[in-house]
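Below you'll find a set of structures to go through.
Here come two complexes built around chain A, the first alongside chain B, the second alongside chain C.
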Partner chain A sequence: MKYESQRVAMPYFIFALILFVGQIVFGLILGLQYVVGDFLFPEIPFNVARMVHTNLLIVWLLFGFMGATYYMVPEEAQTELHSPLLAWILFWVFAAAGTLTILGYLFVDYATLADVTLNKLLPTMGREFLEQPTITKIGIALVVVGFLYNIMMTALKGRKTVVNIVLITGLIGLAVLWMFSFYNPGNLAQDKYFWWFVVHLWVEGVWELIMGAILAYVLIKLTGVDREVIEKWLYVIIAMALITGIIGTGHHFFWIGPPEYWLWLGSVFSALEPLPFFMMVIFAFNMINRRRRNHPNKAALLWAMGTAVMAFLGAGVWGFLHTLAPVNYYTHGSQITAAHGHMAFYGAYVMIVLTIISYAVPILRGRPYGNSNTAQIVEMWGFWLMTISMVFITLFLTGAGVLQVWLQRLPESGEALSFMATQDNISLFYWMRTVAGTFFMAGLIVYLGSFFIKGQAAPAEEVRGPAPQDA
Partner chain B sequence: MAERFTKSMARNIYLGGSAFFVLLFLALTFDTQVRAMPERDNRDQLTDQVVRGKHVWENNNCVGCHSLMGEGAYFAPELANVFDRRGGGDSETFRAYMNAWMNAMPTNVPGRRQMPNFNLTDKEIDDLSAFLEWTSKIDDNDWPPNIEG
Partner chain C sequence: METSAPTRHHLPGDLAVWFFIFAELAVFGILFIGFGVARSLDPDTFNTGRQVLHPWTGLINTIGLITASYLVAVAVHRLRYRQAGVAPLLWAAIAASCIYSFGKVWEYVDLYGKGYNLGTDTFFMFYFFLTFFHFMHVLLGQIILVVLAVKVKNGDYNGDDMNGMESGASYWHMVDLVWLVLFPMLYVLA
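The block that comes next holds the complex of A and B.
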């Protein structure tokens, strides 16, 4: 850590991990409700638990992105953060608003929540992932604007690096696209079209810029490879992400009203969406092979490789499996979608946040070369337990989805099984998914345990001459 | 990557490529929303009642369990074609079905998935029914493949 103000990243990382635990607890509840239908009913109905599960994910990833930004931007710009005080104030505002919203979901009936938060003045609630009360949405917008102000003032007064420019471009995109969460026309077909401007253009658009910038930063630090080389890769990766991903939005327009040309555009461009993720794999492994030093933080290196591979599998391969319109006609809104969603979010966004945490938190705790070997081994156990569990969750959901399509979607009307009859037939897969989810929770506990192991690693050994001076 | 491929070339591909595709996307959005959608989303039948029904749908977070045109949660049946599946395509039948269904919840059958009772008024149930009927008539390229959704 070179700048004192980078410390404000710490509360963001800690709070992100606390929310992560909550997300997984509710994931387990949902998994059980799939097989024991009345589990926790009527106290926590499925829709409430799901809202908590997905909203916690989104909010903790945002905390992670913000923590990453507060850590990276001052160091890249070679200057102190514009206002650490503002960063702390926004932390508490965001944490309080997020916590209150989740408590509102859990303890207030949703229709009442809509009523008391004056949803009728500007109705934005009750849409998937955008369930937050309108006042919470406004709060998120204000926090993000304050955050961007702080970050841009910092970046503008210091050194302009490609990592900072790409990261901040992604964050500005995130803020601008969030504005579409306030647009909710009475025409459902229009509502759905612009809803994807937030959802798709975040996760298959601007978030990839954020992910690419964090990955590039960590690779610069860990491998000591010349910044010029890494920045060139970063540009090519994000170029691919936007060139394929923007028109790739069309793969969501197949069955919600827009005209037929989207069947072609969405299929062709989204079929190319695995490319940027494939390039991230090549990029990460190439840079590590060309490393100029053996950084002693092996755990961070494992996360960096892991996020590239798992993002490619989850977002790239599992996305491609069902993205072509003739396939998607049968798989749309089935458990195949759920399988893809789980591995893509974990591989791309959960793991990139855990990568920067693995790199930055030891430094913030006064361990510049990383945690002790014991702590790193425990952390790597957490990595493997969570990652392998997620692979199995994805495989079991894929199995459930294939059977669901076979029983419910492929036969003609009259011969196809009903939705609920199909669910009964595939419950074995849901049980296995829940078992895998329990292992994921165990992995998360092991991972968190690694933070409580004392000691630090020995300094890095240079392998190919001195590193570039800024790395 | 070969040295001949420089960082500024990579940056230009990024800037030029994304600018081009952002503009293309905006043009396609304009065409979709202004030219194509009025023909496809039967907006001439989008009454105040349908809009009220959409708010009933949203204020009770129906999408937290059900999917609508394949989007939402996958815990409970697809509802964009429930007008055809349960109402046989007839408004009166569907309304009667909805009224009976919503008031019968929850079933409290042990071990089965439970739908809460949302305590909707008869008017709200009628509005919701109108919304689901209107939704079933959006031209969605013949999705879902069969009546089961």
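The block that comes next holds the complex of A and C.
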């Protein structure tokens, strides 16, 4: 760690991991509710558990992105953070607002929550993933604006690097697109457009910039490859991500009533959305092959490689699987979507946050070359357990989805099974998914356990080039 | 003085640009395949639509783009062998490419005035989307050529390092190549 103010990243990372645990606990509850319908009913109904599961994911990833930014921007800009105090204040504001919102979901019924939080004045609640009360949404907007102010003041006074520029562009995009969450037209079709302008353009647009910047930063640090080479790749990757991702929004327009040409545009451009992820795989492995040093933090390197591969599989391949309009006609909103959602979020965004945590947290804890060998081995066990479990969760959900399409969607009407009858027929897949989810939880516990192992890595023999932190 | 003459296995420009070019060609390639499939399903609509277009404008546009590509190629050659007149050649290429820009805008205005748009039918969806998407690439290519011309004029490129110049030129040739498929596909064969 070169700058004292980078320390402010630490509470963000810790809180992110706490919320991650909460997300997985609710994931397990949901998994069981799929097969034991009245599990925890009426205390935690399925819709509430699902809301908590997805909202916790989004919020902890935002904490992770913010932590990553507070760590990276000062070091890239070669200057102290503009205001560590502001970063701390915003941390507590965001943490309190996030916690209160989740508690609100759990302990107050949703309609009452809407009443209490004066949703009537500016109705924004009741939409999937954007369930947060309006005051929470305003809170998120204010936190992000304060955060951007702090970060931009830091970046502007220091060295301008491509990593910082791409990262901050992504974060500004994130903030701007969030504004669409405040617009909630009464017409359901119109509402869907603006809803997708947040949901799609976040995860298949600006978040990819954030992900690309974090990956590039970690690779610069771990491999010692020239910044210029990595920056060039980053430019190409984000250009492809934006070209395919923006028009690719059309794959959500297929069945919501826009002109027919969206069937073509949505299909063609989203069919190419795997390309930037494929380029990330080539990029990561190419840089590692050309590395000029063997960084002793092997765990961080494993996370970086894992991110590229799993993001390509989850976001790229599993996205492509059901993105073409003629295929999506049958698969829309089936368990195939759930399979894609799980592996894409894990591969692209969970793993990139865990990558930067794996690289930065040891340094923040005074271990400049990484954790001890034992801690790294335990962390890698966590990596493999979580990653392999997620592969199985995805495969079982895909199996469930294919069977669902076969029973419920493909047959002529009259012969097709009803939704609930189909669910009974695919329950075996749901059971297996829940078992895989339990292994995921075990992996998460092992991963968290690695933080409690003492000791640090020794400086390894350099291939060539300066010490790991000097790049 | 040693020049950076290309070797037998020389890849012009940067590898990253070639990834970008292949990705772009993949986008257009898939759109071309989509066009072919859609046409085979409904040849009448495509035939009727094609007759509304202006093949002469298309031909003039093609000549404009090919001329621009030729001038860019000569500019690259001159830079490599440190000959004079590189920047003027690039400016001439930009001027030639503007023939295309004017031609395209004129045709859009004309067709739009006659009531054709993206939603008219499948042929016009492909026509407007493919040509507009390509037009955006031409604009980007023109910006790149301007950057190259300014850099050459400022003496940033002197023939020692051809990476920037070759990367920009390769991108421009890709834009030109796509049009060479688009023109016959939309204006002649559809």
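Assume the second predicted complex is superposed on the first by the 463 of 471 C-alpha atoms of A that agree within 3 Å, B and C clash if a C-alpha of one lies under 4 Å from a C-alpha of the other, contacts with A are read in each partner's own complex, and residues count from 1 in each chain.
The rule we apply is simple: contacts are C-beta pairs under 8 Å (C-beta built on N, C-alpha and C of every residue); 3 or more make two chains touch, one makes a residue touch a chain.
Quantities reported herein were computed from a predicted structural model and do not represent experimental measurements.
Novice: In the superposed arrangement, which partner chain does A:F41 touch: chain B (first), chain C (second), both, or neither?
Specialist: After superposition on chain A, A:F41 lies in contact with chain B alone.
Novice: Examine A:K232 and indicate which partner it touches, taking first as chain B and second as chain C; both and neither are also allowed.
Specialist: Once the two structures are laid over each other on A, A:K232 reaches both partners.
Novice: Touch check for A:W264: first (chain B), second (chain C), both, or neither?
Specialist: After superposing on A, A:W264 lies in contact with chain C but is clear of chain B.
Novice: Pick one for A:I243: touches chain B only (first), chain C only (second), both, or neither.
Specialist: both
Novice: Looking at the overlay, does A:L275 come into contact with chain B only (first), chain C only (second), both, or neither?
Specialist: second
Novice: Looking only at contacts as defined up top, I'd like to know whether chain B or chain C touches more of chain A.
Specialist: B
Novice: Give one of first, second, both or neither to describe whether A:R7 is in contact with chain B, with chain C, with both, or with none.
Specialist: The answer is neither, since A:R7 touches no partner chain.
Novice: Kindly list the residues of chain A that each of chain B and chain C touches, one partner per complex.
Specialist: Overlap of chain B and chain C footprints on chain A: residues 232-233, 235-236, 239, 243, 259-260, 265.
Novice: State the interface residues of chain C toward chain A in the complex, per the touch definition above.
Specialist: Against chain A, chain C makes touches at 14, 16-17, 19-20, 23, 26-27, 30-31, 34, 38, 118-119, 122, 125-126, 129.
Novice: Over in the complex, which chain B residues touch chain A? Could you list them?
Specialist: Chain B reaches chain A through residues 1, 5-7, 10-11, 13-14, 17-18, 21-22, 24-25, 28-29, 32-33, 36-37, 40-41, 43, 46, 50-51, 54-55, 57-65, 67-78, 106, 108-114, 116, 118, 131, 134-135, 138-141, 143-149.
Novice: Can you name the residues of chain A that touch chain C in the complex?
Specialist: Residue list for chain A touching chain C: 232-233, 235-236, 239-240, 243-244, 259-261, 264-265, 267-269, 271-272, 275, 279, 282.
Novice: Going by the contact rule set out above, which residues of chain A touch chain B in the complex?
Specialist: 33-34, 36-38, 41-42, 45-48, 50-51, 110-111, 114-115, 119-120, 123, 125-128, 131, 162, 184, 186-193, 228, 231-233, 235-236, 238-239, 242-243, 246-247, 249, 253-260, 262-263, 265, 329-330, 332-335, 337-338, 408-414, 416-420, 422-423
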